[in-house]
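A, B, C, D and E label the chains in the order they appear, each numbered from 1.
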Amino acid sequence: MGQWLLRATARDLCALVIPGPDVAAAYGLELGAAGLRLAATPRHANVLLIVGELPAALADAALVSYAQMMRPRGCLLLGETAPAGLPIGAQAGLSQSGLLNGLGQLRAWFCRHGYQQQVETFCAPLLMPDSASDGEGDDAGESDGRHQPDHGEGDNGRHGSHGSHGSHGSHGSHGSHGSHGSHENHENHENHENHENHEGHEGHEGHEGHEGHEGHGGMSFMSMVNVTKDLPRSPDGLPMDWIEVPFGPLFPGLPGGLSLTLTLDGDSVAGVKAETIPAACLRPPEGGFASGDLLRAVSALDPLTPVSYRLLALRALAALGATVPMPSARRCVALLERERVASHLGWLALLGCQTGFGWLQQRARQLQLACLRGAATDLRVLDKALARLERQVRRNRLLRARLSGLGVMAQQASLRGPVARACAMPIDARTQDPAYGELAFEPLCREGADAWQRLCLRLDELRQSVALVAATRSQEHSDANPFPPGTPSEAYAGEATAVVETPRGEARLHLTASGGRVTAVKLQPPSRALLGQLPHLLRQQELGDALTCVCSLDLSPWGSAS
Amino acid sequence: MNPELLLALLTGAALFGVGLYGVLSQTNLVMLMMGIELILAGALVNLVAFWRFLHAESYAGQMFVLIVMTVMALEMAVGFAVATARFRTRGSVEMEEARELKG
Amino acid sequence: MQTFFIGFFGLAAVVFAVGVFRTSSMMRSALALLFSQTALGALFLAMQAEFLGVLQIMMMATEMSIMAIFMVMFMMDPGGLGGMDMSHQKRLSLLAGLGGVVLVTGIAAYTQWEGLASATEAAAADEQIRQLGRELLGRSMLVFETAGITILTAMIAATAVAVKVPEQGGSHES
Amino acid sequence: MSALQQYLVLFALLIGAIGLTLSLYAFARALGRTREEAGKNVPATSGRLSVEPAWVRYHAHYLGYALLFLAFDMEMAYMYPWAVVFKEEGLVALLDMGVFLAILFLGLLYGWSQGALRRH
Amino acid sequence: MNAVLLGLGLLAGIYAVALLEDRLTRGSFAPAAPLLAGIALLARESVVARKPDRLLFETAPVLLLSAGLLAAAVLPLSPTLVLVDLASGALFVNAALAYVLVALLMAGWGPDGAYAMVAGWRFLGQVIAYSMLIVMPITAVAIRAESLLTTVIVVSQEGWWNIFYQPLGFVLFYIASLAVCFLPPFDRPIAAGELAAGVEAEYTGARLAVLRLGRMVLVVSLAAATTVFYLGGWQGPWLPPWAWGATKVLAVAASMLLAGYYLPRLREEQLLAWCWKLGIPLALLNIFVVGVMVLAGL
């Protein structure tokens, strides 16, 4: 019976992808074809799929998510290094065949380990402070549906403000509050003169302010007027409690790795905090980067657009005076444009996921993967498919109604990339590139600056990019690595800057070098200016609209703060 | 004596009692309205019981039930509207405080 | 059988009603009221008032859910995390409540209901709805139209009181 | 089937649904119990441990709609009995309900004009 | 006997719906997938989030399932295949559906999780708009049938199905039923992209299985309601009545799922405004038009 069940479980794998399905797709992984379902939350997943190397922030998220998954659960690592403390069920290479192979291993692993009696309890140091505040596993057990009434008495002083004790109140075990100092008020309460005394409980305001959410602290009777007096008011004049809710780093509707913390007033956004993944790897080691290391570090910076970043590093090194293994100018155009097509399609898939547009999500993902497979797809076929997709999307009245008027950007000098071009600002680093000049490249622009115009602009650019690739008539590589082999020479010094128009806008790399070693690296990634715009852009938007806004900007969380 | 009728009337009486307790004991406008809802619910039970066990042929009884239901809904609509307005201006819907602020 | 179910749902309604004031969680309180009303609907069904029963079950579900919105919006501690008590003059209220129950029960018990009854067999359920419809369009037409006017008044009152936002520092927008 | 028997069947269906659920739970429980682990029971918020309790005074931005609904919904109570006898009563029924609905619609229009029909 | 047949029919319907939904979300077809998913859920652990309102948390899945089942109980598959032919059947469907809202509200509040709570409240907003569009078109159907009995409603459509007699009512009812069973484009309470599964987010293992089962039952029930009220129920040539009934229910369910696949989710603002400013006046107009048509003897 157990074996039979496990075999059934092993055939139904539901994965939570870290850093996110967008990154997996950028690596060319077809998750659906491998039989995986995607989970929106770790609660519903039984496979934690780790794609590539995780930066520290995401490694923590992986641990937390793993802890929140239900047993039987397994972890599949595609890549080399696993986050510390995570039990790995299966490991394989970072490719489609690796994925299939790894899933096979994982299924076998499930059948072997699924219902083992002696399993170790998973625990990471990161989870501990929290578990202490909630009492050891008080609710996890299905033991009898009631909490032990006496748990955590010793922690009162520290955790009272969480209201963790209050939760017992709702289970009828009122007795457990006896020890709580402020509880006396209860008993006196029948006598309603006490009401006028509520100012006497000022002492509690302290522990209230500590949480910032007055609603929770109250063990004593407090005047509602006092509580609401200082609360911020919503536009309709009601003083409500606001909560901070994390969206990300593993939120399905946002680029994987981007962490938004939204302050929600009901379902309106009252405040935004955005965190990205710090590019720790760009800090030069003792004595500076060797050029090969720099090349590796920069191109691994953003898994969404590895080609652009590699090209950026190559150009920067070339500008320093190094001899670099650079592909021909035409070939560079082809590579960049192909990546732009794939990236825009990946963005469309994310938009589809965010707006619940199933068809768009799947179609765009298919085309993205086809585009990434390179030689396997004929350009004309791709162009035709894109034309169809474009027609369908543009014709969709509901999508238009959803996106129109959302996230209108003001023209600003700091804007770059498609967002700027949708604001009628023809800013494009490609115009300075002579190779593009030969192909008579003109940047496309649109007016309106809302999410719908950004969508339209990206659709236009998709077609334009396919046309550019076709115009270069460069030989398609079936090779995984389209760049010529070899490492740059080590003879250079001085300072230089290189610019590449990545799919999200212009990325600028500034290198300082001496004696053939790069001693300082300064990267200006394309999404930085936009991150600063978020609080203004999302203010008082409805939650769904706010997330669509963020999605429409196509932020990349990678390497944003160096 | 018809036991069904008595049972229904007892239910109505109990609901009325609970509602009355709520109206008198709650300090809060919203909770107070729940008490009123319960009192009206008690009335509903009695009306239906009277219709069923006394005058099953007269549909004015059922009509009366519809009217009471309407009253329940409207009481809520207006009550909550008042609560919203009060909350917006005073930051509270406590009845005690309402008195306090007035005096 | 009918007696049993009348008693059962009556008891359920009362138990839920008591629950309304016995919990510190606003959500529980609102839902207890909801299920109290649902039990009443079932009680109506047991009393063969089918249309009224189903109507009660339907109407109260949405109306009491809306009540939950306002409970959660305006009460200090909607989760009941603090176990706060928000009542006053408890003993007095309890006495008044009990007094009310005793009084009403007394009246119910000592009235000679048999003398008041005229017909005690309920018509078939679909016939009832039809009869109610005829009543609505016949004798009770004015009552019905008055109900309409009342609803209109309530709508206007609710809108006027609750929706208009007092201007404050020009910060209000849609 | 008499009306009371019909209600009994519906009630039995309700009990049956509860029974089905309980038996599914019992089956799942028989397969093994949940292991208590740190962090497992914290509400999932996309890869971060959520600290704050979510039970707050939630701002329902559609409260204008909710208030109108409370009143407007009552029309249903009258419409069903009316609909059933519509054919036999004829024009009277149409006019009666026409007036009633016109009155209600007026209320809706008033709410609309005052901005109750929008997010606040 | 009838009950068993209806139960089997319902099971088949649920399986078909689950299959199609799996096909749409994953993009590949696997006939055993829903079964495996169900087994996997039952075989998995089930956890209650810390500090929950346990009573509400546990009741919600049962209530959702019961609401769906009760709605289905009064809808006929053929003249004889109906569990309970209730005299106010059409109203009873509404009453049962109202508890979907209550169930989701409970599921949202119960676990004390932010995503779930926002999702629960949003669904309330959605339902108080769209439940009107369920109720009002049914009134127009009842006008024509002169009864609330679901079987009589089907018979009243002899020759001229309601979808042709009152197309406006059909469209409104269809859209509203999408909203009530929170299928896309109205799936805001369980949207992955907006709230990471929202109401379902804290449900795991067997509890999630029951919650999802409840939703499937709901979809089938609403498809059956659409069939009974607008598509002439079991009526049709050549095939036996039950076959027609089943075919129509499945077709409607499939169309409901497919509609969401090709449409993006609505914005809350538009969702509410369109319903109140467009849907309700149209529903009233529909009632009036049907009334006039009935009086004119059409």
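Criterion: contacts are C-beta pairs under 8 Å (C-beta built on N, C-alpha and C of every residue); 3 or more make two chains touch, one makes a residue touch a chain.
Bear in mind the structure is a predicted one, so any value in this text is a computation, not a measurement.
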Steps in the shortest chain-to-chain touch route ending at subunit C and beginning at subunit B: 1
Farthest chain relative to subunit A (centres taken as mean CA coordinates): B
Between C-E and A-E, the pair joined by more C-beta contacts: A-E
Between subunit C and subunit D, centroid-to-centroid distance (C-alpha), Å: 15
CA centroid of subunit A to CA centroid of subunit B, Å: 51
Chain centre separation (subunit B, subunit D; CA means) in Å: 21
Subunit D-subunit E separation of Cα centroids, rounded to whole Å: 12
Where subunit D touches two or more other chains at once, by residue number: 3, 29, 31-32, 34-35, 40-42, 44-46, 50, 52-61, 63, 66-74, 76-78, 80, 83-86, 93, 108, 118-120
Residues of subunit E whose C-beta touches two or more other chains: 43-51, 53, 86-88, 91, 109, 112, 114-115, 118, 121, 124, 128, 147-148, 196, 201-202, 205, 268-269
For subunit B, residues that touch 2 or more chains besides their own: 27, 66, 69-70, 73-74, 76-77, 80-81, 84, 87-88, 93, 96
Subunit A-facing residues of subunit D, complex: 29, 31-42, 44-61, 119-120
In the complex, subunit A residues that touch subunit D: 2, 5, 18, 41-43, 58, 60-62, 64-65, 67-68, 70-71, 115, 119, 121-124, 126-128, 130-131, 134, 136-137, 139-142, 162-163, 211, 213, 215-216, 234-236, 238, 240-252, 259, 265-268, 542
Interface residues, subunit B side, partner subunit D - complex: 66, 69-70, 73-74, 76-77, 80-81, 84
Contact set on subunit E toward subunit D in their complex: 42-51, 61-62, 65-66, 69-70, 73, 83-88, 90-91, 109, 111-118, 121, 124-125, 128-129, 132, 135-136, 139-140, 142-143, 146-148, 196, 201-202, 205-207, 209-210, 268-269, 272-273, 276-277, 280-281, 284, 287-288, 291-292, 294-295
Complex contacts: residues of subunit C adjacent to subunit D: 1-2, 42, 45-46, 48, 50-51, 55, 58-59, 62-63, 66, 69-70, 72-76, 78-79, 81, 124-126, 129-130, 132-137, 141, 144-145, 147-149, 151-152, 154-156, 158-160, 162-165, 174
